[in-house]
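Below is a structure I'd like to ask you about.
As written, the chain order gives the labels A, B, C, D, E and F, with residue 1 at the start of each chain.
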Amino acid sequence: MGTASDKKLFDENGLRLDGRSPGDLRPIRIETDVLNRADGSAFIEWGGNKIQVAVYGPREAYPRHMQDINQAFVRARYNMAAFSVDERKRPGPDRRSMEISKVISEALQAAVMVELFPRAQIDVFIEVLQADAGTRIAGLTASAVALAAAGVPMRDLVVGCTAGKVDGKVVLDLSKEEDNFGQADLPVAVMPKSGKVVLMQMDGDLSIDEFNEATSMIFKATERINQIQRDALKKNYASTAQDWGE
Amino acid sequence: MGTASDKKLFDENGLRLDGRSPGDLRPIRIETDVLNRADGSAFIEWGGNKIQVAVYGPREAYPRHMQDINQAFVRARYNMAAFSVDERKRPGPDRRSMEISKVISEALQAAVMVELFPRAQIDVFIEVLQADAGTRIAGLTASAVALAAAGVPMRDLVVGCTAGKVDGKVVLDLSKEEDNFGQADLPVAVMPKSGKVVLMQMDGDLSIDEFNEATSMIFKATERINQIQRDALKKNYASTAQDWGE
Amino acid sequence: MGTASDKKLFDENGLRLDGRSPGDLRPIRIETDVLNRADGSAFIEWGGNKIQVAVYGPREAYPRHMQDINQAFVRARYNMAAFSVDERKRPGPDRRSMEISKVISEALQAAVMVELFPRAQIDVFIEVLQADAGTRIAGLTASAVALAAAGVPMRDLVVGCTAGKVDGKVVLDLSKEEDNFGQADLPVAVMPKSGKVVLMQMDGDLSIDEFNEATSMIFKATERINQIQRDALKKNYASTAQDWGE
Amino acid sequence: MPRDELDVMSEIKRNYILQKIKKDGIRADGRKLDEMRKVVIQTNFIPRASGSAVVTLGRTKVVCGIKIEAGEPFPDTPNQGVLTTNVELLPMAFPTFEAGPPSEDSIEIARVVDRGIRESKMIDLQKLVVEPAKQVWIVFIDIDVIDYDGNLIDACTIAAVSALATAVVPASTIGQKDFPLPITCRPASVTMVKIENIVVVDPDLEEEQIASARLTVTMAEDGHLKAMQKGEPGFFTLEEIQKAIKTSSDVGSQIRNNYPK
Amino acid sequence: MPRDELDVMSEIKRNYILQKIKKDGIRADGRKLDEMRKVVIQTNFIPRASGSAVVTLGRTKVVCGIKIEAGEPFPDTPNQGVLTTNVELLPMAFPTFEAGPPSEDSIEIARVVDRGIRESKMIDLQKLVVEPAKQVWIVFIDIDVIDYDGNLIDACTIAAVSALATAVVPASTIGQKDFPLPITCRPASVTMVKIENIVVVDPDLEEEQIASARLTVTMAEDGHLKAMQKGEPGFFTLEEIQKAIKTSSDVGSQIRNNYPK
Amino acid sequence: MPRDELDVMSEIKRNYILQKIKKDGIRADGRKLDEMRKVVIQTNFIPRASGSAVVTLGRTKVVCGIKIEAGEPFPDTPNQGVLTTNVELLPMAFPTFEAGPPSEDSIEIARVVDRGIRESKMIDLQKLVVEPAKQVWIVFIDIDVIDYDGNLIDACTIAAVSALATAVVPASTIGQKDFPLPITCRPASVTMVKIENIVVVDPDLEEEQIASARLTVTMAEDGHLKAMQKGEPGFFTLEEIQKAIKTSSDVGSQIRNNYPK
């Protein structure tokens, strides 16, 4: 977690630097089917994050020896555009993005009905165009929408959110500055219908009480975010219906 | 194109630094069948350029998924020896050589009767041993000879030449200094019988009139260069005949 | 070979810095079957060298096009742990380790009855945990033991030793300092029953007389080292027998 | 450029496109031979970047972000800033695009885009010197291709020029005042392909798949040629090239009208 | 994590492990659900390294070597030493491990181990500064996995913490006095997997192969969470996680008792 | 070394070579057992390089170019120039040679050539220091293999030694006077292979393909051994090696007679 610093991250009214209360989310907007070529796509803006997701598949797994005769596998590839961060990032995967790709793949694998597609793979490409803290969670949340938009059968959507600790206080949905100077970061993703946790990572320092407070905040927030996911999918279906009516 | 400079590139008689008139070529010498192992080979000296070319094929394309059931593909690989340029070049392809390999491959593909060899590939290896401006054109010109020497059926040879702009004047076959300090570079390759253009690249600044002047110079030059190609091939056949007679 | 230096490598009694006579070996200890997963394994301490070897195979050679229909091939991979040398080594093969892997593979290939296992490969993984001069010879000596422990049929063991020249004098089994500041290094490996030389490399400066003196020292030493190999294998069989008896 | 997914386009479709062009002089999507698809440019899409643009050209979509950072000049050009162009053919853009090091295709596109910008001297690199031979501004042009339906060279050039035209040099990072990237002109590349013996402008993917050869001509406001690139294993006659240059001059002006002021 | 060699474990074995856990609450090797395998730690195995440890956890075996070298700090942390962690899944450790660049698995393990050490502030990086912004001590944690039978995260954490706890900063190389690496605490990671709906601690390879999900919880002496990582494509309920945290606290204390003083 | 193209040499050819050597003591191309093929050396083939040589050894052909550039010494040898050797097995040289990073074969060849030059102290590296610990001359030996018909180690050694012997240090690039590369001796490597129980010098490709083992011995004028390398999965007896050293001494003198003065 962050660097030690004297930076104050709350004002005199207990509000955060961007005016939010500890339990507030940043603005989130999701749009589906924004790409033509992919089988499904979603674009998410979450605070300053701008992330494009595209889904291809289910398609035959390649190379062959990767095929699983019992089920499909979901292969997410999280990538940061060279211009997505303050200092230009050299293109190509680094260790951080490889780990994130892995945990996102595993989280989506839990939600997709992979048993319906033996020998197949489902590719989820996540391109972070602008990064602003919480990209893995935002990318995963958009990936679930893109999968649904692609018509991939799922047990449930997957929805993620982070909480963290800032100036000793537990807060929801860390901003970039809070991420840089905070004391803990806890990204979590769940299947919202059942509350099953499919992604959880944590680093920093949290007492067990703080952990419980943080997860409770996150669980509440995922309901709201899931509503945004469902609205985005509905808008898409609605507009599709409209197109057909013309 | 070149770096701005006060360097004068013409003398008081309108001649270039190496004594050539604007429409003069540098000396060109082509020799065939200089290697034993390859199916065909050619060595070209063009000014200070020294370039070795070898052809292997047609042979079964590898890997399999590259095979085209309708035709062969020509895969040229342009490479610069570590010692070919002023500052030692680290071995292996760079972006420039990959682009050159691509445009040379495409130019040769146009000339070879690829439809005769479904599922095959024809490899053309171009090793620049000493570079002196115009390597891609010299390498391509030698490649056509090496293909012919290998007995690969061709619609026509391919012959290339560059023109450029130096001190505001259009000249043929840029030297290294003219390339470094000139204002435009226009490498062109044609199939000489038909005048069909199979390679053209340009960078710098050319008015449309200058472009027309340059292409006209190039077309004239390619006839002379094509004669050198044909002489080289004849000498080879001659000497082969002689060998047989012994 | 080494760097020029004023460093004295013998004391007034003609003994080496670590107290050895010119013909003395450093202490050697070999232990077998120290790993569970591998088909065979050996751990060798030789002076300050600590090297772990594991054998997998014979198993089907992969990729397929590497298969030899007449015999198996032995593929040794010599690798240095990042912490094995004074300055941390970046993980992954370098040119030196690739060459060593090649000569060790060839030496073992000579000893294994590869003709019994067409289309197979036998992997020998050599991990240098601490390096102290003579790692290739120590690794090879342990590899032969690991192969035997894996039950791979062999014509003979392979046993190696180095000699070198220090302050103008031929000595056996160079230490790290002698390697750094000496004038020649001669690693040799033989099949001890026949005295056939399966590995030999040399660099530095040796007169032909010195070479003969050095090889004679090495041949004598390999007998002693071979005894250590055989004892290690016996101890293993003994303890295996004991286990069975329980 | 990639063939269609199964590496065959149906014979029927192929013939339909061809016949329509040959008989009616009209393309499958109703365009005239020298007509570009609709261009939409949205700049400042990535506020964190020094400049940015999202461009759609028909159904092709690319995102360009400019990063401008202080760094060392090349030893042989101590009095100039540095320009570098990279194009990523993201696997999200097309079923056969793969992650990994840049392909031949992506390198060719990046180099042709780079040449148009560099040779037109669009960016006044002399004005990007902080201290000669020591510190200059490095301009990184990075382009993500996120949706592919043909003619990436022009889509990427439009995105790069638009992003550069709105870019700001972050001089405040070294204690000076930010200033707009110094721009001298706005190059436009026009890419054409040859289908049988007919040349069409701004090919979509299906047209690329049946074309034999490709030609890109980049010009600036002065009507001069700045960069050219012939691609694909077919040929052009000199007359076709001369006509293509004329076309490029006209179509390039239209593109230039779309550029951000 | 790798499946067994033939990518199938016999149905019979799978059922045996499962039934034993479900019916008897006892694991195939006789352990209780929250029982670690035997841990053996041997430090100073590599005297040439700044610190080292060989650790066996059941039949899993790893070697950790620490190298501490003077070097430059990161620009954004001029007043701190540098910590870097690398795990090599050597091909000698398992039939399907391959030589080459780090796999996703090895990167995940290294990053989880690194986070536990980094976030617990085990190493006092502030004390590793020679000259601010110029020269600091760089701590390289390198771990060779030489025998693999499950639960590499905990085996590697134990090896890294043990090696660090006995490491010496070779300050004599820059003309100062060697000093023990400044250590503030001893983090312990506890990894659990879920087999059907039962959570077991320290899985061996066969348990990993039939588990649906994995959870690692790293705590220090203060009983606070320092790092967590859920892995594999299954799920945990929040209640399971809360219980796992409790287990981790207990088992972590036992691990800590094994650490070298 | 590569097998023949189809990975089988006809049994008949194999027997012919074998029988001729065994019965007549004569090789397929008429050479005696200890006879080199014809060596042709052309120096200054690449005038732009600091030194260069094209060498044909029978039908094997290699091009060596030397580049000498000012740069930093290695930290542990501040008073010496730097020497580095690289061999490229170009795909043009043989049907199965592939482009890409150096293969095991090319690395072995380069390292054996390098050792012969380095250990004979052919180049007086102490005379290549501009300013101790700061600036020295770096000698890059790069060898392109363009036609392969066996015995690359000797062909490459001959090319490297010839190119070095005629090389000039371009000191004028740093404001000093150019001077010939300081040379102390001319090492010659002699490579032999064992076919059944007969050792032959300078094998061509067909001989390499039926040989069981390879031995290279590099000596300088002083008759001392400077480098040796046994290769391929066969063996030599000590007597064979001793005899090979003797042969190498004789043949090496012949090679040395071919070197440029």
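Quick notes on this structure:
To be clear about the criterion, a contact is a pair of C-beta atoms (placed from the backbone, for glycine too) under 8 Å apart; a residue touches a chain by one contact, two chains touch by 3 or more.
Here the structure is a predicted model, which means the values were calculated and not measured.
Graph distance from chain B to chain C, where chains that touch are one step apart, equals 2.
Common neighbours of chain A and chain B (chains touching each): D. One finds 49 Å separating the Cα centroids of chain D and chain F. Mean C-alpha position of chain B lies 27 Å from that of chain D.
Chain A and chain D have Cα centroids separated by 32 Å. The distance from the centre of chain C to the centre of chain D, with each centre set as the mean of the Cα atoms, comes to 58 Å.
Annotation for chain D: no residues touch 2 or more other chains. Taken as a graph of touching chains, this assembly forms a single closed ring in which every chain touches exactly two others.
Ring order, beginning with chain B and continuing to chain F: B, F, C, E, A, D.
On chain B, the positions that touch chain F within their shared complex are 35-38, 41, 48, 50, 52-54, 56, 59, 77, 79, 81-88, 91-93, 123, 125, 127, 129-132. If you check the complex, the residues on chain E that touch chain C are 45-49, 52, 59, 61, 63, 65-67, 69, 86, 88, 90-95, 99, 101, 140, 142, 144, 146-149. In the complex of the two chains, the chain F residues touching chain C come out as 76-77, 102, 104, 107-108, 110-111, 115, 118-119, 215, 223-238, 241-242, 245.
By the touch criterion given at the top, residues 1, 3, 74, 95-96, 98-99, 101-103, 105-107, 109-110, 184, 186, 191, 195-208, 211-212, 215, 219 of chain A touch chain E in their complex.
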